[in-house]
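Got some structures for you, see below.
Each of the next two complexes has chain A plus one more chain, namely chain B in the first and chain C in the second.
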Partner chain A sequence: MSDPTTPKIIARLENVSYMYPRSPNLVLTNISLEIHQGEFLGIIGPTGAGKTTLCLALNGIVPQFYGGRFFGSVHIAGLDTLEHKISAVASHVGEVFEDPETQLISTSVENEVAFALENLLIPRDEIMARIPRALAAVRLEGMEKKHPAELSGGQKQRLAIASALAIQPDMLVLDEPTSQLDPVGSQEVFATVRELNQTLGMTIVMASHASEEMAEYTNRILLLSRGEQVAIGSPDDIYSQIELLIRNDLRPPQVASTFYSICQRSGYHGKIPVKMRDGVTELKRVRQQVQVTPPENLSQAIPHSGEPLISVKDLKHVYPDGTEALHGITLNIYEGEYILIIGQNGAGKSTLVKHFLNLLKPTQGVVEVGGANTEQLSVSELARRIGYVAQNPDTQIFNATVGEEVSFALNNLGFPADEVERRTVEGLESMGLLEARHQHPLSLPKGDRARVVIAAILAMKPEIIIFDEPTTGQDYRGARYILDISRELHKMGKTVIVITHHLYLMPDYAERVLVMGKGTLLLDAPIREAFHAVDLLKSTYLTPPQAVLLTQELSQLEGRPLPALLTPDELAGVFA
Partner chain B sequence: MLKFQTVERDSFYTRLDFRPKLLMMAIITVIAFIWESPFMQFWLAAIILAAALTAGVKPSYIRLVITVMIPFYILLLVTHGFFNIDQVKALTGKSTLTPLFTIPEDWWLIGGAVMSREGFAYGLNVIFKTLTLTLIIPLGVFTTDVDTMTVGMVRARIPYKIAFIFTATLRFFPLLFQEIGTIIEAQRLRGLAMEKMGPVKRVRVYAKVAVPLILGAMVKSQHLEVVLQSKAFSGSAIRTYLHESVLHTIDYVLMVFMILLFITAIVLYIVYGIGTFAGPI
Partner chain C sequence: MATVSPVGKEREVKFLGGTAIDGAPVAYIVVLAAVVAALAFVPFSVVLASGGSFPMSQGVFSLVGWVLGPIAGAIASGIGTLIGVFLAPHTAGVAPVSVWGGVVASFAAGCMVVGGKRKNWWIIAGILGLLSWLVFVGRAYLVNGVSVTAILTGSFGQYLGVLLYILPSRILFAKWIGGKNVGLLFLGLFLGTWASFAVSHVAQSVITYWMFNWPEEVWVMLAGIVPIEYIFRCLAGAVIGTGVILGLRAIGLVKPTYAVY
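Here is the complex of A and B:
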């Protein structure tokens, strides 16, 4: 007889190994796991660790839909996923995927919620009763008749959750549900999932790279690497093992990195907290044992001056549908700067940058590049001076070989053949792609495809390079990889502009920050000042890095202002 | 964002079930195909046009359709007026056609060509025919809610998979257009000066758009398949529906009317020649 105090097992995986068709390698190796009713299990691991495959194994799509070789067994609510149809398992497992666009298939919100229920032959009256309940659970009431295209990213993901909830599953599986979202959308999804878990007791399985949130909300963490179960335990157990995380290309929560670094530097032997509130408590303890010595020489951004490379004067933009996207923006960008632009979706970041390239024309005001009004220049003329790297490299690849891709712009711009060849080779060499010159760009891994696009842009020798959300959808290693390239370009003398929501990644790179909100420039300041404008950042739903928040806590505890520290290492340095 | 067109006005047409509308579209299409009389075709097109405007189909949409079709209509008038001689002679039983005007002999290549009144009339017949066919679709489709349309199609025994493809297309078309815009923008940012290009070069640019677009669509379609699987989709018509498709008296009245119209049109065509090219009217 089962122990009534032990929560019911919802999913049981026994020695699960799996190999996709035509693949020589195992994607999952000997995974054994039990998932209990009401728990919130987080799955972490770098790209290629097998997180998505594991999520798909939980409703039988792996292996039933993909085929391939499957070993072991998965039981969901007592059903063997090999012996029961996917549709039978689907009534026990609600799945939410990464991309908010491709997982919504209906033409209205209510249809989206009803779709799976219709497939499961739920009577119409029951469907009509479940729709408002599911929408209320994700706070989308009143939106029944809206087209999914009219929803924001966060609302789309919440709708996907509502659709999964409507089937009244035993377990909700979410695969990277926030990786494509801005901070508001991400907060909406995490808040919704936490509420479902804590209020309704819904069993949650979520794969995510969002370390701080996973440490905060989950009960248990499974660490996967190359398909293998490396570790499983409480968030405190897993996220405090910094070396293990780094070895597996994972980013620890900054609060954990900070205290790890403090222990390393000061010989302090306290515990390593993984949640912000525990970090604050631990901070009080550590300052009682180790003296706080503020650093004397912090790196400071050197102010640039002279003739601006880009000058924006009183820029206003109104879209044809009447949306006022920018209201009187004025700023100058100087040669050699590394600028970070942050703000919510709809804050006007991309609209601003598109004016630099004449992809959008000012409704009012002037934008000048190198002293010339952009309205007088064609997009192709401006492209010689400003390189633009969009988020998804795959929409920027049109040619059959890496070499042709890099020379594409040079041919368009009418360079002579010998110059095209010289610049193509230079571009390929700078990105370490010379050996891949004759390969198809799409045969390369995603990180390398991004390098192909960057090489193609570098071949035009632009003075300014804009990276538009380069870290979205990337794991920690992928994001650092692209940002490291941006730093190299900056060192080469290029002016670099990066748009990203991932503030915690940027202290090692950016010098100056433009904070945008609702079409206005809320703040234009050096990074130390901008990241410590915590109230302003929070007012526009941006989350400052935990190292910044801990520095401010420490200042309060010390009763004196501390320098504007940005990273775990800098903060740990005051306890050295 | 591109959205599926629907009329905003509540009317007789919006209150109808999709099934009588499907029948109406089918019968009007068949009649338009059968008739060859420009007079009858004109009135059929005029009635459908009036019905579409009454139903709330936007005049700007109709203007757009006609504007797009104008070059095609001119081509139809020229080819039928000048060159459709044998068919028109056979249809009218005349051995010589009535000249409308003749191109001067000294014009290069086409000098001496004669536009016949009968050929011109036949061209008008084809123009009104195509106009009817292009207007009957918005009349039936734009006046129906997409959800009701899907259920109506299934109830009309159209396989559910086809009905699903129809609605999924409406969902994903805007995404596809968005992606085309992104790709062309990326090409412009790599020095492609579209504004300075002739039509042939532009076509070559669009061909290059196809590569990332098709690959992106393939990736999306695989994601979609996985999503559908997770939502217990099997393509089977054995499923329940949130939306209902119920036939009311007015729907039966329209269906009976359309069937009677069809029978009458066929009888008049065969027995009295009404609707034929050389018929009494």
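Here is the complex of A and C:
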């Protein structure tokens, strides 16, 4: 007889190995795992670890849809995924993918929820009953008639979750559901998923790079690397093993990094907390044992002056549908600056930088590049001076090989053949893509595709380089790799502008921060001042890095102001 | 990637049911039907005989057949063109005939295979093309008294294509389309589009000529216009097709059972 206190097993994987068609390598190797009813399992691992493949194996899409070679077995609610139709397995497993845009196909929110049910031949009355329940579960009541395109990023992802919930699955599988979202959208998704887990007892499996949130919300973490199961345990067990995470190119939560660094520097032997609230508790303990000595010399951004390279005066932009995206923005950007632009989705960040390239024209006001009004310059003239790496690399890729992609603009601008070749090779080398020169760009992982676009931009040798969300969809190593390149470019004297929601990545790179909210410039300040303007950041739905929050917590405990520390290392340094 | 050997027993992988038509996932059919419908908006040339313009979608009918196979391809092109004639009447021509043309072109292209169970399906399209051309030109000569010279020059593009389709050149083009050489892929798509679209073209012309009976002067004009139209139609098919096929191969998306690429 089974023990009634032991949760029921929803999914059982036994020695699962898998190889995609036309690939000689295993992407999953001997994975054995049991997933219990009501648990929240997190899957972490660097790009190429097999997280997505494992998620797809949980509803039979791998291998039924993709083909290839499959070893072992996956049972979902007792069904062998190789012996039952995907539709039968899908009634037990709801799946939500990375990009909400690719999952929504209907013309209204309620039609979207009904779509899968109609395909499963659920009677109409039942469909009508399930729609409000599914929308209520994700807090989208009252939006039934809206077009999905009218929803925010977080709302779109919640709609995708509602569509999966309507099937009433035993288990919800989410593959990087927040990587395309701003912090508030990400919080919405995590809060929704936790509510489903805690109130409805739904089993959740989520693959994500969001280590702070994964540490906070999950019950168990599975660490994959190169298709193999490296470790499995509680978030406290896994995320406190900093060296294990670093070895696998994973970013620990900043609170864990901070205390790991404190232990290394001060000889303190406390536990390494992985959640913010535990970090605050541990902070109180550590300051009782180790003296706090604020650093005397913190790096400070050097103010730039002179003639601005980019000058924006009273810029206003109204889209044709009447949306007022920018309201009277005025700012100057100087040669050699490294600027970070932050703000919630819809704050106007991308709209602003598109004016620098004349991709958008001001409704009111003036934008000048090098003293010339951008409206009087052609896009191709500006493209020689400003390189723009768009948010989604796939929108900029259209050639059949990586080499052609990098040389495309050079050829179009009429460079001589030997110059094209030299610059192409330089661009490819700088991105570590020379060996992939003859491959089709779409055969590369998303992180590498982003590097193809950057290589193409670098080959143009522009004075100003704009990275629009360059770290989206990248693992920690990929994100650092791209940002390290941005730093190299900055050191070479280029002006670098980065738009990102990943604030924790930026202290090592940016000097000056433009905080935007609802089309206005809320703050223009050096990074130390901007990241410590916590209330202002929260007003535009941004979450400051945990190291910043811990610094402020420590200031309160000490009863005196501390310098504006930004990173776990800087914070740990005060305990040295 | 991992070097460890699998411990679990290897399983037979099969696609159990699901939403596919003739081995092509319905999602693919929907996407390509949408592409055909979208390309129907783009006018490509003035067609004298029946008036109006021919749409750019004519350039991809054959590609749809090679990507999805003859049946699923015909369905996708048929649905796409049907939607296109309503949404883009400026390129619709004689609407039912246009839909028929999409169906026949994709079917004929999908039947261009090197071997396998369907290696003789081309005969259906080949006979349709040949008979249609004979009836088309027969009516011109016997009923409307058009001169042989005008007929042979005015329908040169069509019978050249039908010949390329009926002869073993059809197999050669299919080999090129399925091969790795990008240059030959482009050429295979260009000539394959010419051949398969010609079958469709005569299958349409036999109807439109019965309706309009255009005079000899138009036949003479067509002698210069039709080959140029064919060149542009086939260039569209080859340029779009090369990118699509290379992209599909690169991303390793599941290949429909009867895809030629």
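Please note the rule applied: the second predicted complex is superposed on the first by the 519 of 576 C-alpha atoms of A that agree within 3 Å, B and C clash if a C-alpha of one lies under 4 Å from a C-alpha of the other, contacts with A are read in each partner's own complex, and residues count from 1 in each chain.
One rule holds for everything that comes next: a residue touches a chain if its C-beta (ideal position, glycine included) is under 8 Å from a C-beta of that chain, and two chains touch if they have at least 3 such contacts.
Every value quoted in this text rests on a predicted model; they were computed, and no experiment measured them.
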**OP:** Look at A:L442 in the shared chain and tell me whether it touches chain B only, chain C only, both, or neither; answer first, second, both or neither.
**Re:** both
Original post:
Of the partners chain B and chain C, which touch A:L26 in the superposed model: first, second, both, neither?
Top reply: second
**OP:** Look at A:V290 in the shared chain and tell me whether it touches chain B only, chain C only, both, or neither; answer first, second, both or neither.
**Re:** neither
Original post:
After lining up the shared chain so the two structures overlap, which partner does A:I246 touch, if you call chain B first and chain C second: first, second, both or neither?
Top reply: neither
**OP:** Considering only the touch criterion stated at the top, classify A:V280 as touching first (chain B), second (chain C), both, or neither.
**Re:** neither
Original post:
Looking at the overlay, what does A:F70 touch: chain B (first), chain C (second), both, or neither?
Top reply: second
Original post:
Regarding the shared-chain residue A:F408, is it in contact with chain B (first), chain C (second), both, or neither?
Top reply: first
Original post:
Thinking of the overlay built on chain A, is A:L56 touched by chain B (first), by chain C (second), by both, or by neither?
Top reply: first
**OP:** Examine A:A149 and indicate which partner it touches, taking first as chain B and second as chain C; both and neither are also allowed.
**Re:** first
Original post:
In the superposed arrangement, does chain B or chain C reach more residues of chain A?
Top reply: B
Subject >> chain B and chain C footprints on chain A, overlapping residues >> reply: 65, 86-87, 119, 398, 442
**OP:** Quick one: which bits of chain C touch chain A in the complex? Just the residue numbers, please.
**Re:** 1-2, 4, 6-19, 25, 182, 242-243, 246-247, 249-252, 254
**OP:** Going by the contact rule at the top, pick out the chain A residues touching chain B in the complex.
**Re:** 56, 59, 61, 65, 86-87, 90-91, 93, 95, 97, 99, 101-108, 110-111, 114-124, 127-128, 131, 147-149, 163, 167, 357, 359, 378-380, 383-384, 387-388, 390, 392, 394-399, 408-410, 412-413, 442, 456-457, 460
Subject >> Residues on chain B engaged by chain A in the complex (per definition of touch) >> reply: 1, 3-4, 146-147, 167-168, 170-171, 174-175, 179, 182-183, 185-193, 195-196, 208-209, 211-212, 215-216, 220, 223-234, 238-242, 244
Original post:
What part of chain A is in contact with chain C in the complex they form?
Top reply: 14-17, 20-23, 25-27, 29-30, 48, 63-73, 82-87, 119, 226-228, 398, 400, 439-443
